[in-house]
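The two complexes that follow have subunit A in common; it is paired with subunit B in the first and with subunit C in the second.
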Partner chain A sequence: MSKQINVALIGNPNTGKTSVFNQLTGLNQKVGNYPGITVEKKEGICKLPRGVKAHILDLPGTYSLNTTSLDESVAVELLLNKNDKDHPDVAIVVSDVENLKRNLLLFTQIKDLKIPTILVINMADRMSRKGITIDIELLEKKLNSKIALVSTRKETGIERLRELIADYKNLSKTQNVDTSVIAPEYFASLKEAFPKEDVYKLWLVITQDVNFMPLEKTLIKDTSSFTTKSKSELKRLQQKETILRYQFINGILKETYKVDANAAKGFRATLDKVLTHKVFGYVIFFLILLTIFQAIYGWSEYPMDLIDGFFASATEWVKDTLPPGVFTNLIAEGILAGIGGIVIFIPQIAFLFLFIALLEETGYMSRVVFLMDRIMRPFGLSGKSVVPLISGTACAIPAVMATRTIENWKERLITILVTPFTTCSARLPVYLIIIALVIPEGSFLGLSYKALTLMSLYLMGFGAAILSAVILNKILKIKSKSFFVVEMPNYKLPLLKNVGYTVLEKTKSFVFGAGKIILAISIILWFLGSNGFSDEFKNAETIVTNRVQENGFSASSEIYFETHQNGTTADEGSGALARKELEDRALAQEIAGYKLEHSYMGYMGKAIEPIVRPLGYDWKIGIAVLTSFAAREVFVGTLATIYSVGNDEEETIKNRMAAEVNTRTNKPLFNLASGVSLLLFYAFAMQCMSTLAVVKKETNSWKWPAGQLVFMSLFAYIVALIAYQLLK
Partner chain B sequence: MDILQHILVYITVAISALYLVNKFLLPKSIWAGKKSNSKGCGQGDCGCH
Partner chain C sequence: METTVADLKRGQKGIIKEFTEDLLPIKLLELGCLPGNEVELVQVAPLKDPIYINVNGSHIAIRREMALHIALDIIEDNAVV
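And now, the complex of A and B:
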């Protein structure tokens, strides 16, 4: 059996660490979270020479071992904790050839932990263009380490890196810098109190927000033989340590690293001037957002239609092929519909992450943060929150997933929690049919009332998101750094392989993560809507057929006949459908409506009627609200089933809804008051199980999606209640 | 055949319900045996605890 070793990939952000990871592991990688927290864990397997296998862990990007975020703490704890199953046998520090000096700070810190360390100098292909020369041999000698000069773009140097990892037993563990010189007495007393521990590790535990077993911060504090220093004194010592390290690095680079200043500069500065310009910067960003929006909203439509068509055909095929019965119905209407409901989001997720990966890879995303941060920060959001918030207008699911680019946990959490307020495309079918029904004709300043209402709903969504962000920023007691530092990486052509991996990995993580929850809920919702315990449900066909024979078709079916016999919705050329065929369809629809009314879901709708009545709704709308938890657009389809009209003809559904009378008031059920109330309810309520599932996945806890569901539902209810009571 | 279809439906629905209960309600430690000690940040109010 071949030996497997643990390898940790670590480096500053924007050094091409993920590219090195991708080249080492290929498709043998998986992405998850570190246990209990929401920091992404990327790991993969790499085959090395001499039968050695490496388990490669891509640690979150960090500038030094002086942690400022949760991500960085994860990296440091892993490097400190020898008991961790992922503790590395080898650490690979990935650096960028143009920022070697800054990158070496982290390198020297890791080297001082006495972990065998390899330095990867990435982006070697830029050296000649930037006038850089490095004496690798001398640098290796000075750092007491092996170096691999790599270009992930040109795919060079990876073989040498593999060789070096396989030869890990011969890597030096000598420390680069003796940290104790910054406070000799203090370090000596530390060594005396904990003679078994490495003094640099102890120093990190004292100065950072990290622990490692069995040595925890509290243990050091409780030891009587050692008195630690005050926070400000420790901070001063940390600064001294950093200066000491840079003195060491400067000394080495002076001899080994040369840059011909005349060969560099020019293009980046010019591009930065345009992309971060006070006016053009925003215009360009707006145009890019527009393209992303168009991709999610427009381009995705074609593959989504294909997926939709495929699942419709699959449903038909299952019904035609398998023996008729409830399980066949479950496969066709519950399982296939559930899987279809997951797969349908893939094009939107893929498009969004294609753009995000391109923006990150090219280095443009950092400019976006620089541009937007000043605007978003007062609301407790990050500059990067703009992308999820705008993407949310197409669909909240990829938008919530896109928040992973936000490093600060508090800003990321706030963005996740407020994004579902933005008006997603699934709300549109509900908005359009209700607006058409209840908003009167007429215009204001040339804009129709209906258009104005739709626009107001979009604006209200954004308004609610921003307002909630402000409130959450005030009430969430999460420590986060108040300073803002953004690195402007060099512009580069995106590596298509990396972009491809990102798209693939995000899609996979949605399908196999949130997808399982969505499928399970779909099956439960199907069961509740398709089963019932009462005799009415069991004998629905006989009851409805007898009723039709005795009293004729219901008012709903009469509207259905009228619409179709006038030929308004029938295919042109084929003329009106034959009366017999229409009657068969109408009967089937009436049976379906009657069954839904007497299903578990129907009884649940009736049970919640007292709750929804103050909003101007009846039990039928109650059922539609409940079923639309699967997806908001299901609202219209459910009403169509309850009103016994086919759910593919919007005009028929609209006519039927317009004819519905409120039995208590004897007035139309869908009037201005109840219509506006419904619009507002859907504008603010968290009526989407897929979004909840994705929020759970992204926050790694049910606490946040549950809170989001309760808050948004309550808020929506109160707003809808006020609107109805004022307008009725 | 009809009974078999009903049985299959109940099994599928039960699996889905159990899956959701497990996801929503049961703490992970029930299946893991013991609680993970890795909380990453070492501070109580960072959002990951």
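And now, the complex of A and C:
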């Protein structure tokens, strides 16, 4: 069997490079990261004629080989480094038929590296509508290269591309442009100093903005026979190079590329006028946002309920089927609960990315960036921060992932750091139950106090995000150029296949990336909650059973009976049986509660009680707050376990919480002061290990998630403390 | 005061003369924003910034601070008022 052909797919953003990749590889692709950095690495296998296979690497989109970001330098490094295992045997430059001139700039640069290069002219289906004609044969001759005219929408031209790849050995390797004419002496001295290397390659290494390939950099600095130029001199030369290339391209296109001006324009201009209008632009954006919210809250509720139900019954099944013991408990309460905690987020993440992908594919996203940039700038954010901040109201995890489009590292970092302040959907169950408990009935201007409270919590989340962005903007000393050049691509109908791939890929990346950490921590939490060293823990069954026999059921169990008997008394005959069953369940719940109290987790809760007491909480709430660091929505479930009521019975939990008395003040534990304090704590604290895991992944350092954890939690503590002490 | 891209009104066109700042991002040039090329102001964002231009067939949005460094000669005065 012959060796696989290494193919690198490269091209400007918005040329449909990903569609070409999808067409070549089908579902035969995998997404990972380049070692050590968070740049996405997409690769796949493509079957070629005559049984040959090609390994296709989809390089990050770039406008040229003059890199300004980490993503782009990955592409350049691969093209320059012959020793890299992925170094391409053949490069495919994907271009868009309407922007061929600009796309050819990158093409001529790659060609000049003497790598066999195929030009793909994509979106051929738009040619007739736009009045474009191309003399392909002449263009092939002028560029000394093979061209495939492709339409990924109509699925044409891909076969020819496969043929060309298989036949890569016959492609020409001649250069198109002689760069040395921009500074003949300088290039001559380069050639003299490094006779073995190609001068164009050396030139590229010297002019990179992003430091990469440390070896080659030092190699060039260490010579005495030629002096490097200053940064601005190099910049000027790069400008000259760009002009030189455009001269070459313009000359060629004059003979081969014709566009009938009358056929163009129209649609785009009209749509732009409406979508970036100073009033309608914002109204339309707002309506789109509403739809997205509705999808994330409303539509994902059904699949989420199904998932929840599935994991609940799976847990039951495991407990019933496997022999009781530590191992069964680990599977049922540690592993299954952990996996359930990951899977439950999939519908929301999928919906969010579905919308983001749709907005990006159509070209609308650039218009949002355009509309919002000036508004976001005073806060150290960019127009591109809008999408992550809005996504954060569903879930911070995909939101942090969505910051990848921000090229300016400082703006991106600030966006990542402040996004978790926005009110994510996991906070909602906590808010709802506490608001129902402590906020009084009544209304103001026709809006109930409860609704107003919920709304102010959302506003406070946004406020905290914006405020901390301002602070971070002041204190973060990161040198980064104000760099804002956003291409406004033409409007397109989205290709459903591409949208589908994006949703699949992002969801997978969440499940396998952050998922591992969520699973690990939930197993640790399970261990801490179900193990203990004291005699009380070990003899929980006997102690609680004896207590119940002597003193009767606890107050909480009595409430449990009351709420449940109302339902069963209607059926007189089975009343006694029902009572027996209820008592068994109440006993089991009391044992579970007693065990938790004396587990490691229980001792931890008691240990932190002095810390949380000034906020108006007791050790039980302390435990719930601690376990909430796994995921906020765990709060309700943990309290249910501690108060020994069934997990799924929200009304009972609420009644039970209302009955809880603070032993120190003899007032209800959940009153206005402690309730508001809890709400504020949950609004601001960084209680989500999944988000921390994703931030670690995106910033490639534990420094930033650790900072988030400390700063946000401290801030939450102080705000909650002030609120409780004032309202007490 | 030199006329720059920031002075264009909607619908107005000009020919780029030079850059008054050396360290403009090279990306701008690669997109076709080069001396000698035609530039048209397509749209201005509601708060006057950023601006949306068509240069050499590329539609791009840039911030006003960057537009101030691109000097040009206005060629057509058909601004939309």
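Miscellaneous remarks
What we mean here is this: the second predicted complex is superposed on the first by the 685 of 728 C-alpha atoms of A that agree within 3 Å, B and C clash if a C-alpha of one lies under 4 Å from a C-alpha of the other, contacts with A are read in each partner's own complex, and residues count from 1 in each chain.
What we mean here is this: a residue touches a chain if its C-beta (ideal position, glycine included) is under 8 Å from a C-beta of that chain, and two chains touch if they have at least 3 such contacts.
Since this is a predicted model, take the numbers as computed values, not measurements.
By the touch criterion defined above, A:L413 reaches subunit B but does not reach subunit C. In the superposition on chain A, A:T242 makes contact with subunit C only, while subunit B stays out of contact range. Shared-chain residue A:I478: touches subunit B; no touch with subunit C. With both structures placed on the common chain, the touch criterion links A:I591 to neither subunit B nor subunit C.
Of the two partner chains, subunit B is the only one that A:W702 touches; subunit C does not reach it. By the touch criterion defined above, A:P489 reaches subunit C but does not reach subunit B. Touch criterion met: A:F527 reaches subunit B, while subunit C stays clear of it.
The intersection of subunit A residues touching subunit B with those touching subunit C, taken from the two complexes, is empty. Residues of subunit A touching subunit B in their complex: 34-39, 70, 73-74, 77, 84, 208-211, 213, 217, 323, 325-328, 330, 334-335, 409-410, 413, 476-479, 516-517, 519-521, 523-524, 527, 696, 702.
Listed in rising order, the residues of subunit B touching subunit A in the complex are 1-2, 4-6, 8-9, 12-13, 16-17, 19-20, 23-24, 36-43, 45-49. Remark: subunit C residues 19, 22-23, 25-32, 34-35, 42-43, 45-50, 52, 56-63, 65-66 touch subunit A in the complex. Residues of subunit A touching subunit C in their complex: 63-64, 66, 68, 98-99, 101-102, 105, 231-232, 235-236, 238-239, 242-243, 246, 269, 272-273, 276, 278, 281-282, 366, 369-371, 373-375, 383, 481-490.
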